[in-house]
Amino acid sequence: MEALKIYERVKERFPDKVLEVSEKKPDPFAAVAADAIVAVGRLLHDDPETAMDCLSNQTGVDYKDRIEVVYHLFSYKHHHTCVLKVKLPRENPTVATVEEIWRAANWMEREIFDLLGVNFDGHSDMRRILMPEDWPGYPLRKDFVEPLEYHGISTVRESPILRLDQKKKHEHA
Amino acid sequence: MSLLNTIPDYVITTKTDELINWMRKSSLWYMLFGLACCAIELMHTGGPRSDIERFGATPRASARQSDLMIIAGTLTLKMALRTRLLYDQMPDPKYIISMGSCSNCGGLFQLAYSVCDGVDKVLPVDVYVPGCPPRPEALTEGLLKLQEKIMTERWLAREERPAQV
Amino acid sequence: MQKWIDSLIARGDFGPHPSHDLVYAIAIAVACALVLFLVAVPFASVVTWVERRVWARIQSRIGPNRVGPNGFLQWLADGIKHVCKEDVIPEEADARLFKLAPYLVVLAFILPWAVMPFSSALILADLNIGILYMTAITALTVVGVLMAGWASNNKWSLIGGIRSAAQIISYEIPAGLSIFPVVLMTGTLSMQGIIRAQGWEPNHWFMFANPFCFVATIILFVSSLAENNRTPFDLPEAESELVAGFATEYSSMRYLFFFMAEWGNMFIAAAIIATLFLGGWQFPRVSASAVVMNALQFITFNLKVLILVFVSMWIRGTLPRVRIDQMMSLCWKYFVPISFVDLIGTAVWVAIWPDGNPIAGWVMLAFGGAVAVLFAWRVTYFTRLARMELYFHPTI
Amino acid sequence: MSTLRTEEMTLNMGPQHPSTHGVLRFVIKADGEVMREAIPDVGYLHRSIEKIAEKVGYHGFMPYTDRVDYVCAMFTNQGWGMACEKLANIEVPRRGEYCRVIAAEFNRLASHLLTVGLMGMDIGAMTPFLHALREREMINDLIEELCGARLTFNYMRIGGVAWDLPPGWREKALAYLDHLDPIINEFNSLFSYNKICVERLAKVAPISAEDAINYNLVGPNLRASGVNWDVRKNIPYSVYPEFDFEVPLGSGEWGIVGDAMDRYMMRIREMVQSSRILRQALKRMPEGPVLAKVVRNFKPPAGECQIRVESARGDQGWYVVSDGTAFPWRVHVRTGSFAAMGIIQKLSRGLMIADLVVLIASLDVIAPEIDR
């Protein structure tokens, strides 16, 4: 099934929850209201016509004014794919977890939490995954400023070519 | 005893030092400590073509039995703390070869927020091997350089390292 | 030797009125130390060099070749380096047990040399319970290993120690039971007695004396691999699972003891098999001179032992490691019952032919030869398939 | 009489441990030899590659993609190249595609050789590992001649590949393939069909097809569970549809479908298929340029896309968001190892400690691919 047809099916079922369907090439996507993502996911997963049995990718993007969580769904039965998006405010972004539908979401959501600071409600194990537990801030946000030292290890290095240290210090100032 | 007294001290100590150093340099057991890309080249260095065991260097899994730590790859800040712990576990005398640009100075990943730019910020390094990743031949050369360095040491006149608190 | 010491005492080399017992004791201590340092330690150490070279060849590498001719002195370099290293005793460890453990392991490796029958005359003490003594002493290793594992206060060491204890104690049983058939046939426990009961010809070896002994040889060999923590039973120091097993926390000299004992035990296990089943030092009487005969016997014995050691290196270079439950089931479900059957079968055999059956020797030898030929053919077949040039010129 | 008390033993495995490929850490809750649970702890090699992409631009990011998965860097190269080409709608010349396929399949051989070798090392046989390294050296030689590097290739460019095959390379490559096929047989008889190896691997940690899909396992791990899915066949990209090859599936002939032995054998069988693809590709090489005209200041139109590449560790997803400038807004790599690590906690229940090592090796996880 074409991705756009899938979005139409979803829209039929949840007319007020699908905020936007973008037909932009190369990959069209549908933006879904944050409170409906579990219901939409459940629908796409259980409906035999769509049978989205695999969450092939889940990631977050920081757009400076908002944070989007992107879900790439895939069906091994029908070999079709679709993209869902959830737009969240930058201050304290929170969305329900889809871990119950696709177990693969467990780790991907931990990664998004770690790097972008999106909270997933109802997640079974919401800890940092890649960064150390005591790391300040969320590194993949656009306004992230690197700390100058970590446990006594300085993160700047005198570099004759790049003068990165200066740049970093400048950022801090 | 009287025979020994006729020989100047430095002859005995230098010759003994030389023997001990020769033995020590010929048996540098390195710790299996592959961090990133260079780990694969480290394996290749121990592999059939550039067999590093020719120089008596065998890989050991435990830090307690190794003399040499080859830091092969990018040292992240999260790992740096662990590396320091591992280094403290090694018994003296111990050496470090920093293998690859990442552990020399951060290399490609100087731009990164989570990478320790150079292992020398955390640990004392004896030999730097440049390359991204260095070829097995380069690492072997690094080992030979370390052997040269060991030959210049005076083991009998060494200073005991104070116990770390 | 006693006469020589007596003459020295008479000459007054030990002062005017020495205590004879004291002088003897010192002489024995010196002799033991000489045996230890001139035979046991070099044997164990040179075996490490041989092992590394053989292993490297199997893996199409070259192996250590920088220290001395062909790297022959590599063992010396390793030894001296270990002596020079800092001796770390972890703060959390039980220091006394931690220090004691390596000595027990080394003890278990050194004491068996007392009854090692190198030739008809070269034996320190031909005890009448030689083989029993040997099995009893080698089992001491388990105490040391378990102690090391426990005292290190490291969980990996502990698992290694426990695994080792379970493994060594289990495999003691089939190993012990495989020794009994020979004892039944010879009626003696003395090492020399057992060797004298065999001939130099292979068909007079106990391995080929009857089918049960043939099986017992194989069981004893596999069990000895397990008792010495050799691949495929190297679970206590499984490098990829337990870091370095019970020796994880050991460094410098103490680790060297474990290291040496492992290879030394390999030699001892091979010596037991060579003594019991492969005719020991037996060599045809080609010379009337006792010195020449003893030298030839010494060479024969060591050759047999080294061939067995080589086989165990070969196995180490080829096979992966078994899992602990598989190892236990191999021991308890297969080896123990089979060795009991062996024991009973040998007893029946001895009851029927008390002096042995000469035809059986030839038949079994032919059978063993057939197995060896088949094996060699398979090996050459696969080596031809695998292109030998890759092994002889590893640096293509 | 005091009652006997037992307690769980918590073991810390890694980050420096010989059998964790790279730097992984596991917190193992064990009851003697049997594990209650093994909780993976990753991130010791998190090199912030995704953030770097936002700083260095499209062409400049190509060397970094090598480091996403250093064991099979050609595929990450290719994934990044394809993602950019899809964004900017660039057509790659046919000879360029052939060069990509040839380089990538050689890299797949090298990667699988390392995987099967590491499996040998993890269950205690060093010899298969070193034999695999010996074969890898020769592949490294070939690739080095092709692109000048042994490990981090940086061979592909947006719109094709950097260089054409050097003269005489094709014959050398074909000669190597003739050499490799018997070596795979030898490897099988040395290690794969060894009784101890089969006993160790068969029936260990089977993954059902449902679980594999639900946990988003990809590539050989997924196919070992019996799911017939190969990006090269099912979402054809590059010139793969022109080649005749099979997709091996887990059959469970040694135990259960989807056990460690199936996952291991999958690599061996894929090597045979790769060799088949390579022979066809080397023989059918068309003439022409290898690199499309791509401007130096590459600015794809605003938009986003996802690309899936069948790497040696399975379906690799590149998600790229472009805002029309010379720097990508966001790059995300969804890798096979990351998903495979997620399932370890579930599978580890009731396994022995020795089996955990087998499980990690059979899932073929590589630390930089998890952490990026």
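Each chain gets a letter, A, B, C and D, in the order it is written, and its residues are counted from 1.
In the analysis below, contacts are C-beta pairs under 8 Å (C-beta built on N, C-alpha and C of every residue); 3 or more make two chains touch, one makes a residue touch a chain.
Keep in mind that this is a model prediction, so the values were computed, not measured.
Trainee: Identify the chains in contact with chain A as well as chain D, in label order.
Mentor: Per touch definition, common to chain A and chain D: B.
Trainee: Name the chain pair with more contacting C-beta pairs, choosing from A-B and C-D.
Mentor: C-D
Trainee: Find the chain most remote from chain A, comparing centres computed as mean CA coordinates.
Mentor: C
Trainee: Could you give the separation in Å between the centres of chain C and chain D, each centre being the mean of its C-alpha atoms?
Mentor: The mean C-alpha positions of chain C and chain D differ by 44 Å.
Trainee: From the mean C-alpha coordinate of chain B to that of chain D, what's the distance rounded to whole Å?
Mentor: Centre separation, chain B to chain D: 31 Å.
Trainee: List the centre-to-centre spacing of chain A and chain C in whole Å, with centres computed as mean CA coordinates.
Mentor: 62
Trainee: Can you list every residue of chain C that touches 2 or more other chains, as numbers and ranges?
Mentor: As it turns out, chain C has residues touching two or more other chains at 59-61, 239-240, 243, 394.
Trainee: Any chance you could list the residues of chain B touching two or more other chains?
Mentor: Within chain B, residues 47-49, 61, 78, 111, 113-114 contact more than one other chain.
Trainee: Touching two or more other chains, which residues of chain A qualify?
Mentor: 130-132, 139
Trainee: Taking all chains into account, which pairs touch?
Mentor: A-B, A-D, B-C, B-D, C-D
Trainee: Which residues, counting only chain A, touch chain D once they are in their complex?
Mentor: For chain A paired with chain D, touching residues are 24-27, 29, 53-57, 59, 61-63, 70, 72, 76, 79, 83, 102-104, 106-108, 111, 115, 128-132, 139-140.
Trainee: In their complex, what parts of chain D are in touch with chain C?
Mentor: Contact set of chain D toward chain C: 9, 11, 17-19, 33, 120-127, 130-131, 134, 138, 182-183, 185-186, 189-191, 194, 196-197, 199-200, 352-355, 357.
Trainee: Using the touch rule from the top, collect the residues of chain D that touch chain A in their complex.
Mentor: 42-43, 46, 48, 50-51, 86-87, 211, 213-216, 227, 229, 234-235, 303-306, 308, 315, 317, 319, 321, 329-330, 332, 334, 338-339, 341-343, 346, 371
Trainee: Help me check something: in the complex, which residues belonging to chain B touch chain A?
Mentor: Residue positions touching the partner: 77-78, 80-81, 105-106, 110-111, 113-114, 116-118, 121-122.
Trainee: Tell me, which parts of chain D touch chain B in their complex?
Mentor: 15-18, 22-23, 43-49, 51-52, 55-56, 63-64, 66-67, 70-71, 114, 130-131, 133-134, 136-137, 140, 150-152, 367-368
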